[in-house]
Amino acid sequence: MTNFNIDHNRTDRLGFPEVIYGQGKQTGDLVAILEEYRSTDQNALVTKLESGKADVLKTHFPESFYDAVAGVFMLKEVPLQENGAKVGILTAGSSDIAVANEVFYTLRFMGIAAENIRDIGVAGVHRLLDRVEDLKTYDVLIVIAGFEGALPTVVGGLLPQPIIAVPAAVGYGVAEGGNTALNAMLSSCANGITVVNINNGYGAAMAALRILNLKNQV
Amino acid sequence: MTNFNIDHNRTDRLGFPEVIYGQGKQTGDLVAILEEYRSTDQNALVTKLESGKADVLKTHFPESFYDAVAGVFMLKEVPLQENGAKVGILTAGSSDIAVANEVFYTLRFMGIAAENIRDIGVAGVHRLLDRVEDLKTYDVLIVIAGFEGALPTVVGGLLPQPIIAVPAAVGYGVAEGGNTALNAMLSSCANGITVVNINNGYGAAMAALRILNLKNQV
Amino acid sequence: MTNFNIDHNRTDRLGFPEVIYGQGKQTGDLVAILEEYRSTDQNALVTKLESGKADVLKTHFPESFYDAVAGVFMLKEVPLQENGAKVGILTAGSSDIAVANEVFYTLRFMGIAAENIRDIGVAGVHRLLDRVEDLKTYDVLIVIAGFEGALPTVVGGLLPQPIIAVPAAVGYGVAEGGNTALNAMLSSCANGITVVNINNGYGAAMAALRILNLKNQV
Amino acid sequence: MTNFNIDHNRTDRLGFPEVIYGQGKQTGDLVAILEEYRSTDQNALVTKLESGKADVLKTHFPESFYDAVAGVFMLKEVPLQENGAKVGILTAGSSDIAVANEVFYTLRFMGIAAENIRDIGVAGVHRLLDRVEDLKTYDVLIVIAGFEGALPTVVGGLLPQPIIAVPAAVGYGVAEGGNTALNAMLSSCANGITVVNINNGYGAAMAALRILNLKNQV
Amino acid sequence: MTNFNIDHNRTDRLGFPEVIYGQGKQTGDLVAILEEYRSTDQNALVTKLESGKADVLKTHFPESFYDAVAGVFMLKEVPLQENGAKVGILTAGSSDIAVANEVFYTLRFMGIAAENIRDIGVAGVHRLLDRVEDLKTYDVLIVIAGFEGALPTVVGGLLPQPIIAVPAAVGYGVAEGGNTALNAMLSSCANGITVVNINNGYGAAMAALRILNLKNQV
Amino acid sequence: MTNFNIDHNRTDRLGFPEVIYGQGKQTGDLVAILEEYRSTDQNALVTKLESGKADVLKTHFPESFYDAVAGVFMLKEVPLQENGAKVGILTAGSSDIAVANEVFYTLRFMGIAAENIRDIGVAGVHRLLDRVEDLKTYDVLIVIAGFEGALPTVVGGLLPQPIIAVPAAVGYGVAEGGNTALNAMLSSCANGITVVNINNGYGAAMAALRILNLKNQV
Amino acid sequence: MTNFNIDHNRTDRLGFPEVIYGQGKQTGDLVAILEEYRSTDQNALVTKLESGKADVLKTHFPESFYDAVAGVFMLKEVPLQENGAKVGILTAGSSDIAVANEVFYTLRFMGIAAENIRDIGVAGVHRLLDRVEDLKTYDVLIVIAGFEGALPTVVGGLLPQPIIAVPAAVGYGVAEGGNTALNAMLSSCANGITVVNINNGYGAAMAALRILNLKNQV
Amino acid sequence: MTNFNIDHNRTDRLGFPEVIYGQGKQTGDLVAILEEYRSTDQNALVTKLESGKADVLKTHFPESFYDAVAGVFMLKEVPLQENGAKVGILTAGSSDIAVANEVFYTLRFMGIAAENIRDIGVAGVHRLLDRVEDLKTYDVLIVIAGFEGALPTVVGGLLPQPIIAVPAAVGYGVAEGGNTALNAMLSSCANGITVVNINNGYGAAMAALRILNLKNQV
């Protein structure tokens, strides 16, 4: 028994387990928390985990998985699903890949298939237009952008699905830190775009999960 | 024929028509745009419309509807649906009613039933806990809060549905203008909460519509 | 002779005359300055002029012209030029018309023809794509947008001319005041977009004039 | 004698001694100041002390105590009191432990017993509700939270004691640096919550001391 | 019966009743809420109430009290207590009187005597020093300041009681809106000062009430 | 074939090729992208490239060029043109050299000659006045400044060409990060100055290219 | 006797009397304060006084003086001094006249002659250069500017006197409210410029008085 | 001869030489500039110089002086003057010593004697009051403070000299970076305080020099 107060009945309440925020936590605390999960044969997900701490955790939990680009750690790797992807993850460029991977692996941990669709930035809008028919096949679109954050607006004017916009802390000058992209997404003249915090790929994945759970209830 | 460039095929593309943003538009321009809609026997929605302009429009379009609290105008009133509400609109207090009404009437314009659930602020959390079972019956929850914006976080920890948080420009000092509530909602430690712009009840309703359209596809 | 220190040789130095910023100036001071211009048979332009002051000036200078939407005043009206427009003024919606008119009348004062192209917002990107060939005929494009300010980015990815982006103080919540549009334009992933201050239609027109003067030198 | 101008009569005036702010001070200056305290057989507290400087100080003052998580240094360790804790320190998660420890050790230095109550975040509000009766036994509650900073609001609606809220610089995106938590606490719809600076565990402890001194006067 | 969800057991939980935030509420809603209080013979407090609404309420509730400077309304006036003041309200100048009155009348509503101590600004620090002995007799000090907000810091270095600092939205330029005073108070180099939101005289009074309730338990 | 979605027809559309933003990209991704360019015998430009990554790229592409001050990388060096410089790059001091070099090498990559004019800061305005005749010979002026960002304003009052202002992140205190220079340039009382993002030498060069392409069409 | 706590010995301590900040004060309080000054035959200065309040005060104190542009009120008018002006007040345009007048009348109240020098903005720098010899004759220069706030920097590079920069809340977009001018002045690359708050003509005059008092001691 | 454009006649114009801003300059550039000064037998001052660069410069110019705390470098050390100090440098604590030293050494370079007066923070205001008579003997007071920045306000209410306030980037949370201290100083309710940029000890020294030069003219 540890002195951590884990929210074990969250799955009953919400349909998904508690997830561990890695940033700022002591490595020793993380090991103790994860031991508790392993002892009851549960999987666990850690987000925003620095690679130094991940090295210690990987030694301790050899069966674990870690994606260094996104800083996502799982106690046990979850296999890729066979069925077609339900969530499309759209990015403007390869600088947004860290956020895209956080979405991807959180969804995989939750048992949802997703696909990354890259390099469709609005400065060459035909690349997006060429893929509109294909993009209609996803249930939910998660759209990631840094800099001026215009991609969700253009996507929202072309496609009817639920769209979750994720600002990425990619850019310099007034774009530094992602606030410009965040504010642009919140101000979008496209209809019904919702937004999560800067770099919050995890949150976008969880919002998609809530939507997919609603659809699957039917 | 006017010289406005209305996006008439939006319903085909997205499943909902273009909506008119009223703030800052000249009354004469609004009349001209609405005439075009009426001439083709379409309904139209105007948001953020000041009451002075609404008075002119109501004279011009006697069959129209206007809610002065929310500043929402419809060319033709849409009757209330018989079936049970699909969207629950949660507010902490009666100061948030303008935003709640913008959600309510936008949904009605789109043909979706909704219900306002008031006075469940987090400073008396038992009022929310007493209603948890009832709140599980809605497909989507739209949670409005000003001041510290904590209500979506507590709701998100108790209920599994898609949750759209709307910051309201209600409060003074550091809460003035709604930025504190916005940032608190974006920073929520609850999982999978999404957020729209301050006072953007219209956007929250449209995001709910995208989700309900997905569900209804099945 | 007044006690104003007018920069009379500006035309020699820069190729255009001094222009008067109307906001915050006393009406009496404005009359005195304009009298000095009229006494030497020069035309004069006043920007950001409130309508109350304009009423006084129009009584004093009956031959003058005033556009109430933009707040632009000219001592003598300048006739429309016959030749085709050199500058295209693009706006996303009719809320941006005040800024568009400030561009239009400043250019007319300077002897440059321009054309307003309205309602080509990025939430319906096909309206812009339909006009790309037409837009190639302008020498300079001035692109005005409020809210998320994405229009200059999409235009900049489609068209090769000099593009001057003008953020408009149109929007609410985080878009209020125009800072979100400004920052989005400065952060644009399109190449070679330049930006002027919020609502600075006058400045955009003058920047276009500098470019056209360069072209006309050849 | 050093050339430092220590405020030696502060205890007479205020009921507590001067405390040394460690950040940015030269190690040599710190040694000189602490020597002066030791020479008059007084204990001394240093806050926000980096571990590199602490190593030097520990060598110089072998009887001293240093908590590396909080960066708190005492010239002489103060033993734990026998009597029950007077101050409850509530945190939402283990990322807030640095601030909690600064509260804890400052109170111990001042002779006040405290207890850390962890992992009662508002995203699982039942964990807090389960402890309400227990929490009523403390004289003062110090509530620490990062991210959206909602914990003090919920606590303030459930418990009648003096409540001091401490925003923690824990979070990313708009929560980075702790300003969102700070503003949410200042905007709280709960009644009579007071707030200290971000990460200012020391200040919260001193405010509790002022309150306990008032109570003990009776 | 109304459709308001009043938190009637708050007094049992917290030792004080729910209070009504007047700003932004419809006058009709306020009348309905107050009728419910009167029907059960309870007193009620409304804060931040504009004078236009107060005129309507005074007609409806002739026995009520309204202070126009602070915008504070009570259903029934509460008589001044005989015993000596427990709370000292310190202000730097007569511009802060609106906030001071909100503190004063909230305390009176809660049954606590208070006294206003004016014109002791730090630019003439001797006026404060002359009153130090007198100020020691209060249980709690509430210190209000606009502009640079330095008064709580100087008071906090001279006096040992619990000190609650209230930033006032008094000043211009960088002091406009009260943020400079707020940040200065949060950054105070004096020990154990706590802070409430800008202009939040009500909150300061409630924090004092929590402290006095603790003292009175003994 | 790689899985990158390069915008190969950009030169046809806009008159210049796509350019690669280096910051935040994985070195492996950069190598893959550049291989694709080399395989089709095209040159490529990478901006904001850290020197560590540049070392790897230089090993991989021995014929490449890298300027460490600006962080600019070209797959193949472009020789200096013989004809006179068309663009003047003005800086206030040697701290702005990184931005000036990004302008210079981007222009060289695009085939445009430029010249750096240094140390003409406004605190010694005669140094600028001495060069006015010389500066009239450039087609376009790019003016870089940090700190208070006043140089473009003074240049804009003296010279008639198109002027592109680039704020540099040079300065401390309120000037830190370049926002003060940016805002000063946007607020310039000189006429027709346009502005790009902080440190965006690349964008300024591309804007100059758009202008020069217009001129060369004639 | 009033219940105001006027700092009567300020002249002994500092060499100048207390001055009354008019904004936000009740008219009745102002009358009472001024009565106390008149009863002891002292003059008094009120700054930032709205014209409505001034009308009441002028009726009450018929010998008083009020400048409506600056909002400055004096109990007794102070005659203009014969001797040459000691302080030069420089402004870029007639929009800054309110601030310039606050400087001018504060100095006159304190017995110091000053002169306004207008229309020497940096966008026509020759107008300033033409006056450099004349400007050398003042003891202190107070330089007022809105928009980009560059004037003090250019003046500081040309003239050796003490220079006090005053940002004016003149401008729109990012210049609105005067923060851009303030930050530009604080960031000035000219040496030894000091700055006061936005629109604080009063403070600039008082700083000049401190300097002139030092000079006059000799 | 180098390609630097040094402002050699600044001493004739302003009474003091050009000074070199070290931050961000390449070491090679600094050596070249300093060589030019040494070759004409002039002394030179470099501010904000990192210690790594200083090591190189000290090797190159063995007769030079460097203060590592302030980052101030002089080509030749200037001996201490015999006569009494003219400038008093007041600091609240030893964390402000870096700024105080930049003032001190800049003044020494300019030939002005100064004295550091430490540890007179406003949280123990008697330490300042004890020194008022002594502080009257300085011509100019430079007052440095971080955190809430209250010291210049209290000094300004007690002493009649010219007072230059310098905000120090000392503090955490809302005080981080020095903006709170800056804004508090600009908002000071004391009369005639002027302010320089955060950490700008150099600028404060130069402003004092301008004042002393005025006094010495007499």
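Order as written gives the chain letters A, B, C, D, E, F, G and H; numbering starts at 1 within each chain.
What we mean here is this: contacts are C-beta pairs under 8 Å (C-beta built on N, C-alpha and C of every residue); 3 or more make two chains touch, one makes a residue touch a chain.
Remember, predicted model here, so these are calculated numbers, not experimental data.
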Item checked: Chains touching both chain A and chain G -> C, F
Notebook entry, point to check: Comparing residue numbers, which of E-H, F-H or E-G shares more than half of the contact pairs of A-C?
Noted result: E-H
Checklist line | Intercentroid distance (Cα basis), chain G paired with chain F, Å | finding: 43
Checklist line | Distance from the mean Cα position of chain D to that of chain C, given in whole angstrom | finding: 56
Notebook entry, point to check: Roughly how many whole angstrom separate the Cα centroids of chain A and chain B?
Noted result: 27
Margin query: If a residue has to touch 2 or more other chains to count, which residues of chain D qualify?
Written below: 93, 123-124, 157-158, 173-175, 179, 182, 186-187, 191, 197-198, 200
Notebook entry, point to check: Touching pairs of chains, which are they?
Noted result: A-B, A-C, A-D, A-F, B-C, B-D, B-E, C-F, C-G, D-E, D-H, E-G, E-H, F-G, F-H, G-H
Check: Any idea which chain D residues touch chain A in the complex?
Finding: 69, 93-95, 97, 118-120, 123-124, 127, 170, 172-176
Check: Can you list the chain H residues touching chain G in their complex?
Finding: 13-16, 19, 139-140, 157-164, 182, 186-187, 191-198, 200, 203-211, 213-215, 218
Check: Which positions of chain F touch chain A when the two form their complex?
Finding: 3-7, 10, 18, 21, 23-26, 29, 48, 167, 169, 177-179, 182, 197-200
Notebook entry, point to check: Which residues, counting only chain B, touch chain D once they are in their complex?
Noted result: 92-93, 121-125, 129, 147-150, 153-154, 156-158, 171, 173-175, 179-181, 183-191
